[in-house]
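Consider the two complexes below, in which chain A is the common component and chain B and chain C are the respective partners.
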Partner chain A sequence: MANSTPPPVQGPLARYTDITKERLATETIIYDHERHRVHCLNRVLAFVLEQCDGHTPVRLMAERLPDAMKLPPDQDIILLALRQLNRIHLLTGEVPELNSNTLPSRRELARRFAYVGGVMLPAVASIVAPTPAMAGSRDTHGGPENGDGNANGDGNGNGNGNGNRNGNGK
Partner chain B sequence: MTNEALLVLRCLGITDNSSSRVEIESLLSAGVDWRRVLSLVRANGVLPIFRENLLRYCPHAVPRSIRAQMQAEFQTCASLSIGYAHELVRVITCLQQGGISAIAFKGPILAQQLYGTFSLRQCRDVDILIEKNRFRQAIDVLESAGYTPVWPKGQPKWEILGSDKHVSVFSRARQYRVELHWSLAMPESEFPLKFDDLWSRRDAVHVLGTSIDVPSREDLFLILCFHLAAHWWASLKWICDIGELLRRYPDLNWQVVVERARAWGCYRIMLTGVALARDTLAIDLPEQIDRATKSDKAVIEISNDVLCRFSAGAYAPHCIQKPLDYIRSRERLGDRLRLIVNFIRCRLKPNEHDREWVRLPDALSCLYILVRIVRIARLRYKVSVIPLLKTIMS
Partner chain C sequence: MTISVRRLSRSTRPLILHLPEESCRRDWRSMPYGPIACRGNPIAFRRVSMTSDSVLCHGLRIGFRANREWPVDSVLPPEWRPIRSACVDFLYSFHFGGKGEFSAAFFGGEEIVRADSVSRVLSVAASHIEHTVAEHSRDFVFIHAGVISWHEQAILFPGRSRSGKSTLIRELLRCGAVYYSDEFAVVDAQGRVHPFARPLSLRLPSGTISVHPNQIGAETGSQGIPAAGVIFTEYAANGRWRPVFLPDGRVFLELMRNTIAIRSNPARCIQYVKSLMRPAIGMRSPRADAGTVAPSILRLFDEVTSEKDLNNGKLNAASGSGASCPVYGYY
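Right after this comes the complex of A and B.
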């Protein structure tokens, strides 16, 4: 008889609810609908997030780094990524490895890997998701459609706005 | 063309197989004015795709400060596009529950369809086409779901059905704008594609787990070409859409496209659209179409004008040039004459400013045309004649 109990959680678990994820060539965009924030994850951080299926321990994630990201198999890179993911609420539950007081900082890691010409470390840029009004979403291109404008002018909107920038580890 | 304009075009047109990378690197090493580059990509609504391609193919050539600036703007654009995608799903779901057939086009659905992601196309609204005779019902459905329509001032609200092509409705909570269309073009624009035709040939696209009806690829292609022309070929974003459609659907049925374009009198509009996609984004065209674009004088002139304007940083032609270019882009004499008549009629049509300037009783409302002529003459007199006289006198 098949056992329907899910396997116990052995590794970090990503949050799947109330987010929209878009994967681009160079980064991954995450829209957090619960907190109205938009995060832009670099490739390394996005890779770690994808590994967070609840069954992959930190050690195994680190072993996958050389093949997937051409990075050294260093668990501290994974821990730095997990700390960033945890800070922006993209993980669920506890990650025991993050409770340690000896977690390396981003600066320490950058210094450690400087001898190989520097490596791409996990990074995220976050903003508060702007409403169209906040962003001034009427971009400047185009005007009213043909025949729409009369003597009172063809109105062009203003440019793109910038959301509140709240860099995280960049 | 300036280095900045060339950089923008090469970045927009680059693919894995193209040789643009070498050209981009040489442009960057020659030095570009990044402020001008950013101004061009912002004004043309192409910052997301420009940034994506630039960082993908030449990541080390972008100054840190420019990279940070583009990052912030890109995230804002991505956030709005994703927000509009969710709004699209909400509106379509409301309409479907109300029993109203709807077709989504442009905006986030186009981003999903052509770019495979919402973030790479800047969206500023959601466009939905419904049957004209279901419009009132659709408004009721959306109002009961918390949307607020914005009616034009100075005329009874339902009269808009005869004088425009859409009404904007806003979601109260997040202020997203949804354009509810009953027609794809203004009544005077002479574009005959109707809802029933689109509906009978429709496709479906999955957006955020919801199936949404969209025009068939041949219809969509002609809609995009027409939309570009209706906006005087004023933005690279729409040219990119055409280029992306041609890349994504190499099996586009050109015979059907040409037949429909000829039947609707927008063959030249179609040729101009593809000529611009070829000249700006290095899109390969079928030989027959390519030859046709090169043998049509009006297509060549309009394309050259558009490229000159883009390089100079001007985004729309001069006031009188707009209707002239649009009229020139139609191949049938009858369409051209109708457009001229429509243009004059449209310019003479009184608006709320005329009605505010002089208030006439309802019985004399036909005289508002005269009011408008006098008001515009006075306006023009102040704007151009008085300064001219002053210049002469000085």
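Right after this comes the complex of A and C.
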């Protein structure tokens, strides 16, 4: 009789429920049905999300970076992406690697990889999906723009930017 | 179109309020009507007797009933036609009071407005119906944006109320554009934009006025057209028209921000908006006076269109249409 026990989780696992995903030319749009947020993931972040199948460790993801994204095989890039994905609730379960206190900041990475261009670092922009009244009146909503993937508006014009906005690599 | 009323006897049985879901399942025209208590005041609804008592508007069937004759088209959004439908998606009821009495409008079983002035009731009801259609339309996705047609391609101007959208649309019409809407871009599954051609609503210091496109010599569009561009622009006192291209993802997010039904049906909205964006480019710029910037916008799209013709498809946004449109970087 075949063993039906699933293999143990060895790497980060993406969330597959309550989201709608749509791929554009260079970006990926994700709608979070639970939180009514719309996220726009850049190419690198979308790539990392795709790798989060629960069986791919961070090290292996990093090794795939040169072929897939033409980026150096640096685990810090993956960790930065995972941190962003975790922050916008697109990962399930714990990611032990993110508990480390030595995680690099986006600024550090941008400096370190300046030669490949800041735009290649993982990035996400998010908005709060408006209610019909908010979208219709347009007088009372509009979260802030963000360049680091963790600033979210609450739909009432009050931004909750809880991350740095300094990571544009420029 | 006018709804007439058949007088019923005073012995009409008490009314059961009908919720929209109920009206979908039952023939709402045969539902009993009669006096109901509304915040302690009895209101009499009576059977609407004309056959054209329901309309089809952007794929939604809407039923109307009232206690006297009234012009139902005064509250309807553009692009509707009368139908004979036993079931409707939404039901509006109107009570028109006599002299010194209040009037009221109801959405299903819920009172949406009560006022002494009939015009106030109709105005609020019209706005409610417009938003109901925008949120629940089965065939279209509504985006809060002004829309014009230029060379049979749509240009969208999403933006906040009071950001100068209608004023800009008026100036573009004066330059020869065809009017589609100053409120909603109505997008179908193929990404074509359909007209929502209610009169332009212009805010003046003295109040809001309605201007029909004919009054400024503009034509009104009548069919769905593909989108050429999405422009995010807002009046600023010292604003200078310097458009920069936006990446697709950013345009997508900004359109989502203005999509009425994004919360109720995100998957469909995302699909429709993606179709809308396929042939379109997005750009952003502050602007000064609408009268001076309108010709620049149309000239820009002339250049964009010619470049698209050369490229046999979508414009490469990175190359833009010249130095005036550098790449917009947000990462």
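Following the convention adopted for this analysis, the second predicted complex is superposed on the first by the 130 of 170 C-alpha atoms of A that agree within 3 Å, B and C clash if a C-alpha of one lies under 4 Å from a C-alpha of the other, contacts with A are read in each partner's own complex, and residues count from 1 in each chain.
Definition applied: contacts are C-beta pairs under 8 Å (C-beta built on N, C-alpha and C of every residue); 3 or more make two chains touch, one makes a residue touch a chain.
This is a predicted model, so every value here is computed, not measured.
When the two complexes are overlaid on their common chain A, residue A:121 makes contact with chain C while staying clear of chain B.
Touch criterion met: A:31 reaches chain B and chain C at once. Residue contacts after overlaying the shared chain place A:86 against neither chain B nor chain C. When the two complexes are overlaid on their common chain A, residue A:130 makes contact with chain B and with chain C alike.
By the touch criterion stated above, A:75 is placed in contact with neither chain B nor chain C.
Shared-chain residue A:20: touches chain B and chain C both.
When both complexes are overlaid on chain A, the residue A:40 reaches chain B and chain C alike.
Overlap of the chain B and chain C interfaces on chain A comprises residues 20, 22, 24-26, 29, 31, 33, 38, 40, 125, 127, 129-133, 135, 137-139, 141-142, 145, 147. Taken in their complex, chain A has these residues touching chain B: 20, 22-26, 29, 31, 33, 38, 40, 125, 127, 129-133, 135, 137-143, 145-148, 150-152, 154, 159-163, 165. Those residues of chain A lying in contact with chain C across their complex are 20, 22, 24-27, 29, 31, 33, 36, 38, 40, 42, 118-119, 121, 123, 125, 127, 129-133, 135-139, 141-142, 145, 147, 168-170. By the touch rule above, chain C contacts chain A in their complex via residues 131, 134-135, 144, 159-163, 247-250, 252-253, 256-264, 266-267, 270-271, 274, 277, 329-331. Interface residues of chain B facing chain A in the complex, by the touch rule stated above, are 42-45, 47, 52, 55-56, 59, 71-80, 82-83, 85-86, 117-120, 122, 124, 165, 174-177, 185-186, 188-189, 208, 230-232, 234-238, 315-316, 319, 322-323, 326, 342-343, 346-347, 349, 351, 353, 372, 375-376, 379-380.
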